[in-house]
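The chains carry the letters A, B, C and D, assigned in the order they are written, with residues numbered from 1 in each.
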Amino acid sequence: MPINYYLFLSLALFSIGMVGVLTRRNAIIIFMCIELMLNAVNLLLVAFSKMHHLKNLATSATAGTDGQLFVFFIMVVAAAEVSVGLAIIVMMYRNIHSVDIQFLNRLKH
Amino acid sequence: MAMLSFPNIAYLIPLLPLLGFLVNGLLRNQLSHRAIALIGSGVMALAFGISLLVFYHVPAGAPTILTAFDFIRIGELQIPFAFQLDALSSLFLLIITGIGFLIHVYSSAYMHEESASHYGRYFAYLNLFVFSMLLLVMGANYVILFIGWEGVGLCSYLLIGYWFRNPAYSQAANKAFVMNRIGDLAFLIAIFWLIARTGSVSFTDLPMAIGTVGQSAKLSSLDITGITLLLFIGATGKSAQIPLYTWLPDAMAGPTPVSALIHAATMVTAGIYMIARSNLLYTAAPLVLSIIAIIGVATALLAATIALRQNDIKKVLAYSTVSQLGFMFLALGSGAYVAAVFHVMTHAFFKALLFLGSGSVIHAMSGEQDIRKMGGLKKSLPITYWTFLIGCVAIAGIFPFSGFFSKDAILLSAFLKSPIFYVIALFTALLTAFYMFRLFFLTFGGSFRGTEEQHHHLHESPAAMTIPLVVLAILSIVGGWVGIPEVLMHGGDRLVAFLSPVIPVSSGHEISHATEYMLMGLSTGLVLLSILFAWNKYKQYRAEESDNSFARLLENKWYVDELYQAAIVQPLHKLGGWIRSVFEPKVADGAIQGIGRSVRYLSQQFRLIQNGQTGNYALWMVIGIVVILSVQFFLRK
Amino acid sequence: MNLLLLAAAWGVLMMFLSVSGISRATIRTIAQVGMGLLFLSTVAELQGIVFYDLNAPAMLGVDRYALVMLSVLSGCGLLYFLLSAKDMADVGSDYSEYFALIFFIFCGFVLVLSFTSLLMLFLGIEIVTIPLYILTGADKRNLKSNEASLKYFLLGAFSTGIMLMGIALVYGARGSFSTLELVGASGIPTQLLLGGLFLIFFSLAFKVSVAPFHFWTPDVYDGAPTVFTSFMATLVKVAAFAGFLRLFDHGFGSLKSSWQIWAGILAVLTLIIGNMTAVYQQSVKRMLAYSSIAQAGFMMLGVYGLGDAAKEGMILYGASYSLATIGMFAVLTRMQDQTVEGFNGLAKQQPWISALLAVFLLSLAGIPLTAGFLAKFYMLQAALPATYGMAVVIVAVIMAAVSVYYYFRVLQAIYFREPSEGVSFPAFAPGFVRILTVIALLIILLGLQPGWLLRYLYF
Amino acid sequence: MNVTPYIFWFLSVLALFSALMMVTSRNPVYSVLWLIGTFFAISGHYILLNAQFLAVVNIIVYAGAIMVLFLFVIMLMNLNRETEPQKNRWLKFIGALAGGCLLLVLVAALKDAELKSQQAMVGGGSIGLIKVLGKELFTRYVVPFEISSLLFLSAMIGAAVIGKKENSQTLNS
């Protein structure tokens, strides 16, 4: 497939995630939107890795593995982030019984 | 013992006050008043002794550069922590340490009623100030000069705020600091400009920068104009010139010896020192020189008119300082750098004398500063009276007092620059004589107008205060004799020759002896007239708008006087009052407040954006990204 | 690489100490010893004594810049522990876990300072920030702390997403994550590479709180427990900047014609916003939070200017700014009233502490003969040769003057005001005062002899 | 007949549609479900690209573990109703506009990039297989692999610190 298709698809997913971050008020949904952004990146990385693989097939059999391994690490980090993030959200919820970020304005000055 | 011979011994000059600062600052609770005063003044005496040594050893040719250590080294740029010993710096060293020593001695008595802790702190700050001032004049490059420059500003801030029980004082300290900062800004920008173009900030590299030694200049004329202009703006802040002068009168909130040391004799002359130091650059920037001359003469006139109407003894002296600084800038602007330095020196003598004298008066009057409530102090304060008189005569510029020679040199240079400058400067000199003698007569002449209790307490100050007065009075008389103009005595002008390694002697205009005599005679005669007029008007002062029949009779007898009064004095009084009440708060301070207001407005706006909404923060980020990316990818090509 | 192993080991040790039931004082001592070892091991490595070599040049490459920066960070970290370790006990009950997290953050510092692959940069930043989210929210009983934590987390994760997209685009353009191969031999950037470069740039700008990506900073710094704000605002920010500089100097340096001007614009914007907003803050903590943005603007000048001056300046700035801010925060935590008025008349009762605070404030304001002045000087000198350098320098100088205003408000309160009614100042322990004195002396020493620290860069 | 393009378009439309539905759903539970849908579509793309390992991990880790965790939290908080108050309409509009602009800018900037003629290898290639990736992971990538353990350690400590109940739960704001 032309790499441009993947590029645009993943940019579109990325932007949808971003729009979600900008328009929603529920912290969990915002967090999910961020996960969507990460997945868009993952898709793009995999596509690029296959592109580089195709391009450098002649010189190196393992060209492009970097990209897929990077995706693996993104998943690792995302899992760690999720555990911490959800813990923070739950802590917040325990205190104010809401996950609405618009209530988070005690710190304005 | 190589360490203790010239030039290495010069390291001790700044180190001694620093030592005094550390000892007095750290141990002030353990030390007695006596020990504190001894340490504070002792280090100054030693520093003065060494300065004398340096002064006699300073070679006539190339400056001696003492490199203490490597300070800043960024790639090609090297800025060592170095001192430069030459004619100009050694002269300033003498003034600073000498007058500084006298003022320390004076302070030991003046501040005696403070608790040991405060007393120690006061001396520590004073020593720190002297240390910074010495860095300023000894620095071999603009960065070291700037360090001293900032240091003196900081100490001035601390010392003005020293009597912080009164909130107005800390306000004044703030104002002084902010105004000084504005000047410092320009200075710093000038330094970076210089670095960007020449890659060096050493004074010894200046000739190379303007390309006088056979190679092409590193600075274009635009660069030189810009740098010198910025340096001058820096100088206006420190040396209280229009428009950054209003802090100096307010700074009089500090203790009187502080006013004498910082706000009369030393710190405020830093701007003049800096410009004299950069004279090579300035000579290459005639436009900036003209601006300096205009600002200088305008400041001189403006401050003198305000001084006419002041009743606070220290305020009169403060405005007089501003006015005298204006004279010095006029000299600089006229290219007569030596005259400016000369006036710095004589002014240091007589203005320190006047301030210390006023301190003695205030001390005797139990803190009263209003000259309308004084009078007749001649009998109770004989030493103060005589020394103050000498100071007044010197500042008025009567032959052969020191002020005569330096002022004459300035007037001459102004005359050569443009007759208009000369006329205004001469007129300002008349005003100076007038308000100084008004001050003098109101304070010492006539009969006592204070309360009975004050009258009872009147006493001459202790020896620690009067001895500095006497020494300064002697200096105020003889101090000018190093610069007797050629026309009066062949080879009399030793200052020009002495400073010639730093400030090249310009082979400029020649002026006939007859003209020079005429100018001298004119100024002396007019000044004498002006003093007479002040004597007549204020020898028997009651109250400003008194309806006394005797006074009216007197005035009627002098019909000329009334004419004078109506045509000149009243308008001037009005002008002085107007400047003080309208111009200063509205225009000069108003500009500063305007800056403050716009900062406040911007601050409000920024705080509105910072509204605590996470979503909005993300939105601003995305907007930032979109804007930058679209400009980058679609507009920048 | 001594520090990486040691910090990881100590982090694990601290983690297990939490269940061992030993006293807090012992835990604190162990943590302080650990930080001291980190510092010593880095200094040792600087002298060529390497205990442990990771030997993965494709991932990590330690150079002298990284080592000097790491010794500055661990040295400041040691002083921070000595000053503030006690205060962490007031935050919550998980005393030893906080130390463990901070040791893990130091592992992250190593990665951020010595990465040779974008993967390590990414991992390093995550290892630094994930513990920070937790430390921010460590004061669980305090809603402000919760809120700050959540905000920081959401915005931080958002910016991580942007960085990853940038890395993906760069990978698409170059086929490698190595920072040595970020720019092709031709040196002509493709659109894809530029797009990736800019997205990474934005994300790093977020991490170091450069405008307009700085909005999280005041809220998070204000909401977080003050001990941790002190850590975040100093060491973390400095490390992030060092990484920023490393990537854009070594990696994208040859493309500076495209991004340099933006670095300059953002630096100017940051300086203006940070300083202007700090001016009217009443709370000293919040003032320091805004001023940290302003200081970030100055550090951004290093990214803008690049070159040796920027590197040296970054080290000097890191040291001077961290030392002064750590000192300020340590005193602030102990103050009863944390507004500017709370400092009124401190000089009368605590002259020595006041003098030390004065040194910190003067250094932050950039007054000569303190390290802060030289740090600013180096940064301005770095920015000077760049395109439009003079204009940026002028703005920076003006803003430095504005910053004097708000730092001096505190100084004024300390020296020129009478103590407020009913406010008593805390008694400072002698040991605490000694450490503060050491910090002040270091600031003055660096202000006189920057070469003392910087020569390690070359010898 | 080559079915690859059809699969590609189908998966892409599915991913985009699910993503849009995730963002616009009022009910958080639906959002989670739509997001899982997106993940499946993306996993489908991975399979199409012959990145089998990632496809499996994506399903197991993301769709399986992480999203279940989300669902669990939402259920725990009893948010499974359409209770979420909506943002100001203007803010929503501006947010969407900003996101849209970013997409537009990026697409416009990158559409003429050097990638025009490049292809991603579909179907073939062995680099996505566990064998190849595993070998790389434990040789060249062993350092980051080890270091990511630190990340998990700190996340673990973090979750414990944050999640543990404080003894005295006094709220002060």
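Keep this in mind: contacts are C-beta pairs under 8 Å (C-beta built on N, C-alpha and C of every residue); 3 or more make two chains touch, one makes a residue touch a chain.
Since the model is a prediction, treat every value here as computed from it, not as a measurement.
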Could you tell me which pair, A-D or A-B, is linked by more C-beta pairs in contact? A-D
Using Cα averages as centroids, what's the distance between chain A and chain B in whole Å? 64
Distance in whole angstrom between the CA centres of chain A and chain D is 5
What is the distance in Å between the mean C-alpha positions of chain B and chain D? 69
Rounded Å distance, chain A centre to chain C centre (Cα mean): 27
Touching two or more other chains - residue numbers and ranges from chain C: 119, 123, 126, 130, 133-134, 137, 140, 143-144, 149-151, 154, 158, 162, 169, 172, 191, 194-195, 218-219
Residues of chain D that touch at least two other chains are 87, 91, 94-95, 98-99, 102, 106, 109-110, 115, 141, 144, 148, 151, 154-155, 158, 162, 171, 173
Can you list every residue of chain B that touches 2 or more other chains, as numbers and ranges? 607, 610, 612, 614-616, 618-619, 622-623, 625, 629, 633
Linking chains that touch, what shape results: line, ring, star, complete or other? complete
Chain A to chain D touching residues, read off their complex: 1-9, 11-20, 22-26, 28-29, 31-33, 35-36, 39, 42-43, 46-51, 53-55, 57, 61-65, 68-69, 71-73, 75-84, 86-91, 93, 95, 99-100, 102, 106
Touching residues on chain C, where the partner in the complex is chain A: 119, 122-123, 126, 130, 133-134, 137, 140, 143-144, 146-151, 153-154, 157-158, 160-162, 164-165, 167-169, 171-172, 175-177, 218-219, 222-223, 281, 286
Residues of chain A touching chain C in the complex: 3, 7, 10, 14, 17-18, 21, 27, 30-31, 34, 37-38, 40-41, 44-45, 48-49, 51-52, 55-56, 63-64, 66-67, 69-70, 73-74, 77, 80-81, 84-85, 88-89, 91-92, 95-96, 101, 104, 106-109
Residues on chain D engaged by chain A in the complex (per definition of touch): 4-5, 8, 12, 15-16, 19-20, 22-23, 28, 31-32, 35, 38-39, 42, 45-46, 49-51, 53-54, 57-58, 61-62, 65-66, 69-70, 73-74, 76-77, 79, 84-87, 91-92, 94-96, 98-100, 102-103, 106-107, 110-111, 115-116, 118-122, 125-128, 132-133, 136-137, 141, 144, 148, 151-152, 154-156, 158-159, 162-163, 171, 173
Would you pull the chain C residues touching chain D in the complex into a rising list? 8, 11-12, 15, 54, 56, 58-60, 92-94, 97-98, 100-101, 104, 107-108, 111, 117, 119-120, 123, 126-127, 130-131, 133-134, 137-138, 140-144, 149, 169, 172-173, 190-192, 194-195
